[in-house]
Amino acid sequence: MSPSPIRVGLVGVTGYTGMELTRLLLAHPSFRLAVVTSRQEAGQSLSALYPFLQGFPAGDLVVAAPEAATLAAACDLVFLAVPHGAAMGLAAELLAGGCKVVDLSADFRLRDRAVYEKWYGIGHTQAEALAEAVYGLPELYAEAIARARLVANPGCYPTASILGLYPALAQDLIIPEDIIIDAKSGVSGAGRGPAVTSLFCEVQDTFRAYNLGAHRHTPEIEQELSAIAGRPLAVSFTTHLLPVNRGILATIYTRLKDPALPFERIRDAYAASYADHPFVRLLPAGKLPEIRFVRGTFFCDIALVPDPRTGRLIILSAIDNLCRGASGQAVANANLQCGLPPGTGLLQAALVP
Amino acid sequence: MSPSPIRVGLVGVTGYTGMELTRLLLAHPSFRLAVVTSRQEAGQSLSALYPFLQGFPAGDLVVAAPEAATLAAACDLVFLAVPHGAAMGLAAELLAGGCKVVDLSADFRLRDRAVYEKWYGIGHTQAEALAEAVYGLPELYAEAIARARLVANPGCYPTASILGLYPALAQDLIIPEDIIIDAKSGVSGAGRGPAVTSLFCEVQDTFRAYNLGAHRHTPEIEQELSAIAGRPLAVSFTTHLLPVNRGILATIYTRLKDPALPFERIRDAYAASYADHPFVRLLPAGKLPEIRFVRGTFFCDIALVPDPRTGRLIILSAIDNLCRGASGQAVANANLQCGLPPGTGLLQAALVP
Amino acid sequence: MSPSPIRVGLVGVTGYTGMELTRLLLAHPSFRLAVVTSRQEAGQSLSALYPFLQGFPAGDLVVAAPEAATLAAACDLVFLAVPHGAAMGLAAELLAGGCKVVDLSADFRLRDRAVYEKWYGIGHTQAEALAEAVYGLPELYAEAIARARLVANPGCYPTASILGLYPALAQDLIIPEDIIIDAKSGVSGAGRGPAVTSLFCEVQDTFRAYNLGAHRHTPEIEQELSAIAGRPLAVSFTTHLLPVNRGILATIYTRLKDPALPFERIRDAYAASYADHPFVRLLPAGKLPEIRFVRGTFFCDIALVPDPRTGRLIILSAIDNLCRGASGQAVANANLQCGLPPGTGLLQAALVP
Amino acid sequence: MSPSPIRVGLVGVTGYTGMELTRLLLAHPSFRLAVVTSRQEAGQSLSALYPFLQGFPAGDLVVAAPEAATLAAACDLVFLAVPHGAAMGLAAELLAGGCKVVDLSADFRLRDRAVYEKWYGIGHTQAEALAEAVYGLPELYAEAIARARLVANPGCYPTASILGLYPALAQDLIIPEDIIIDAKSGVSGAGRGPAVTSLFCEVQDTFRAYNLGAHRHTPEIEQELSAIAGRPLAVSFTTHLLPVNRGILATIYTRLKDPALPFERIRDAYAASYADHPFVRLLPAGKLPEIRFVRGTFFCDIALVPDPRTGRLIILSAIDNLCRGASGQAVANANLQCGLPPGTGLLQAALVP
């Protein structure tokens, strides 16, 4: 592998994305976890915090308090796995200190500060950093990511939605104004904070929609889809909570520009778009994605289903929200920023069952 | 209560709908379970078959083989909880024997024999019985049900979908040609047959769409929605499998005829439609239905969500697929056929958590 | 039923036991829920708090702040569903105000104040009330409960354990010094407080033991088993967390005094003990209890399994921790205190699946 | 790694252990999956059978019919993942053909043919192969395994039980006649056959004991524990079904020979026994194992809990039944048989959550 490992830091190790990053970094051939931080848990070893890390060398790492100077000195690249609002200032400091940064929060995803401030309800203090941030969807923006100092790691729902729609929109197959994204997510997407609504007994053996018309991933999806379509568009985006740990399935309803277009042409467009991107798997005709088949992986599984009676094209897109939708994608972005192939350390088979 | 109880029979006690019917009939003030049948389990007591019935008088009932003559002699009304194809002949015999019948299978739901034969792949041998069958959705057809000898109990997905759409379609608020029903169901909807696809390890901690473009409830939904709309329509109907025992949530996307229509007008239309139907609960603004809040009940919970940016109206409709979507609705139909209020014996609070 | 309903109050409506009490009281023929209280939720209707109560008359009840004087004036009997420590003072005030009380907390379960103070870590301020409290296990103490003003409603684990062991201990069949209770509980037993350890993603698809050697139900179990055995005994009691909403299964290992005792004699002892107690179901030989078969019910299902190779008798005991293990038992106790049969309003079949 | 990869075959790829073996072999540095077989699925590619293998080179492997000659020619070592009874003849043929064999069935686990025939109800036709088979628990028998042509891969419950008890029994700390193993397993242990008892709706949100006094792993556990203790012993062994995909937790109750033995001495005995076995993790005092922390891994996590009031030592042992309890252990055995360190290709962190 690389002669000397790339030193990476992880700010915010106590949440689910921090936990997943830790898991992925253990298996990475070129990154070495140099610093992990957590304000509450500083002082104890990683394996005391995460019993599943007992027996791994990284388990002996002692959790530090998050300080930009220390991180910048000890790391080539830092992952920020902290809540929105908390990331922006730290990112700027780390950039100033010479570090590359992958920010898993929403702080640098929305190019328009006003949109950010409206949806997230806080001021954006880092206009300069925002201006240089690159949206980190490797299949679409690999070159820009490779040159970026600061990558805004996409949200989980946007990742599933954009990858599902990209070929159809980019190749002008569907009507941009008529898109519905019906998305369903596992509970880890709500984070590890102690909230009644995330309790086992409030989620198990049930199902519900939530945040209709108000989900913060809406402007992010629309920003990116508008950029692909070349004009502003609005989508109907609904989110539901699945009683599963991980995974997102988005069922996307679109209207074909030409209802008579042979289905093979649509499939070919998708196959061509993702020909060089092995982590997007276009399923064979007749197969539909399942959350478990991407569990713990960086894959995005996509199926296309024509609905000739209504002129619609239905697109199903499945990812693991913690891996492809957060930490795995962060690793892919870091790989690109460090000159490695994006999938380095990410080829794992799903844990089934 | 009624001075002498109404004697009811249950054909097909071994499946989940038979099990649920048994549970509901235990609590019914006017029906007395007189005969239960099962070809495989004949000879043993109900409580041997269903341990949860130990200690209830009905638990001592001995399961009989299904014979029309015996059933007709011993019962005023018979519930058929057998697979499609197996119900139609038996229903005709029971009618001939003087029994009323509620058929929980699909055999009498589709008025057009040819449509039935196309979607279910078998011939329909009971044209006469089909001609007199009434579609058993109590909120829409109470009067006809009350006069019917034979009731075709609706499918679970159609129940959730039609109740969700009825006011909007009947009052001409939405464009009938632009309806998408994204439905999610618990696993009991697949029945109790031993199939690999229904195994715990194939369903737990995962989620998937299934049967896209091919689900047999499609023609049933379209038949009823077309009747309401007054003209033939086609819907996009997709089904997904939730890792829960019971429950359906349908997220329905519609397009308003007049996007400028005040939302209050839409709510009022729904409130008026269901004013006399207490088992359809229109949720207060801001509340969304959850499967657990209708678990084990006859309620259908509905929420309306405007999507002004796209001109859509999103309708959420939740039921318990085994109770409202099958056995509870069968009891409600039997109530009507026997001159009782439809909700007799059906007012139970959900088991939460 | 009773010519004028008995007015009952419920203090602490926001937790799972309060929720379950509400559900059970809706179906009760003689109790009328007159007052419900919650400090945080005062002012809103019950149905706003619990959407599954929409459509029930009790749903219109407005949640009040908990005040002893108001409760005492408006209620004949009050259920206290508040944390230990918070119940004791309120119970004394209500007794002084002329109310009967069923306390679902642990405050009056341990007859020895010092034991209470040691295990619960707080002082006991109500020695007088403690002295008159009766331990509310209806199968064992119906007469005393019927005369009691204050009933200490048993813990969930003790209920399953004591009912499982009572006949064997009372009839001197087993060695009191050699009892192991390996108990497994659903997550609702941990309450509705927002704790990371009760989050869906920390519980789902996993299993763990907890609180070994330190569970507060240990002294309660030992107090009651010692009373039955007629001498002090210590048990090995371990608790595990199941990824289910409700239910406890206790697998109890005992050693027979006479390993040669015919198994029929043991069964007969159990059958005799519970002959007049229909809510304890002794399963037929070869059948084992399952949590789902008691879900939502007041039943305790018991199976006896001889282990002739080791001279042990294995006892399996299953209950619903929220119903039999808390709120259902509270209703049974209130029934007895009010002169009603203990099972009044509690005969419901399990919701399966 | 090794200059030319070791060619391995997998007979019986359609079950859960076959699936798990496939997953593990993908990540193995020295083994190359050369042949996979399945009678029913012959002719299709592995990735058609297992969608989660799309994109992996092994996914293109075409499933073959199981023929000993072909397997022997193409493979250095073959894994048998077929039901008991079906393995024994095939194993003998493969040995004759010059292959090494790891048999995941029970056919070669019980050294005494009569015991096998009594518990499994079929005749054992391969006395010669049985005589040379080595019981494949790497921590106990690494040297013999390294020399073995045929390894009998242990059952899942025996693996958790024996690893939990080995140090205490071998070092004479507990009374061999007083052992109770209360074990709980995920549903994948029941295999992938379509059985009603394994359906989602029969397992989800419930819990039950099963097969009490009759589980086939009993003689296997007793054979191995007797060998360690140096004299025949009988255990009380009970099994329960958890609503989880994977994982076993065994709660083991033992009685100390010397109740006054300082707990540190017991811990030290365990630490010494497993000092050179990094895949058995003795948890720090105060920590208890959880199924999720070994999910998908080869680890066995063990905690020791003294119960001074009763003189018992409680041992908790957690494994992943499919990985450590079946396929992972099979890989470890194959590693040893091929001269590799046992953990080769098996160091993975658990997928949490």
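In this document, chain identifiers A, B, C and D correspond to the written order of the chains, with residue numbering beginning at 1 in each.
In this text, contacts are C-beta pairs under 8 Å (C-beta built on N, C-alpha and C of every residue); 3 or more make two chains touch, one makes a residue touch a chain.
Predicted model, so just to flag it, every value in this text is computed and none were measured.
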Shortest chain-hopping distance from chain A out to chain C: 1
Winner on C-beta contact pairs when C-D is weighed against B-C: C-D
Distance between the centres, which are taken as Cα means, of chain C and chain B, whole angstrom: 36
Separation of mean Cα positions, chain D and chain C [Å, integer]: 40
Contacts with two or more other chains, residues of chain D listed in rising order: 16, 188, 201-202, 204-205, 243-245, 290, 292, 295, 353
Chain C-touching residues of chain B, taken from the complex the two chains share: 16, 19, 22-23, 26-27, 48, 50-56, 188, 204-205, 245-246, 278-279, 281, 283-284, 287, 290, 292-297, 299, 301, 347-353
Touching residues (chain side chain B, partner chain A) in the complex: 180, 182, 184, 201-202, 204-210, 212-213, 234-236, 238, 240, 242-245, 247, 249, 251, 253, 288-292, 295, 305-307, 309-310, 312, 314, 316, 353
Chain B residues within the chain D interface of the complex: 16, 187-188, 192, 194-196, 198-205, 243-245
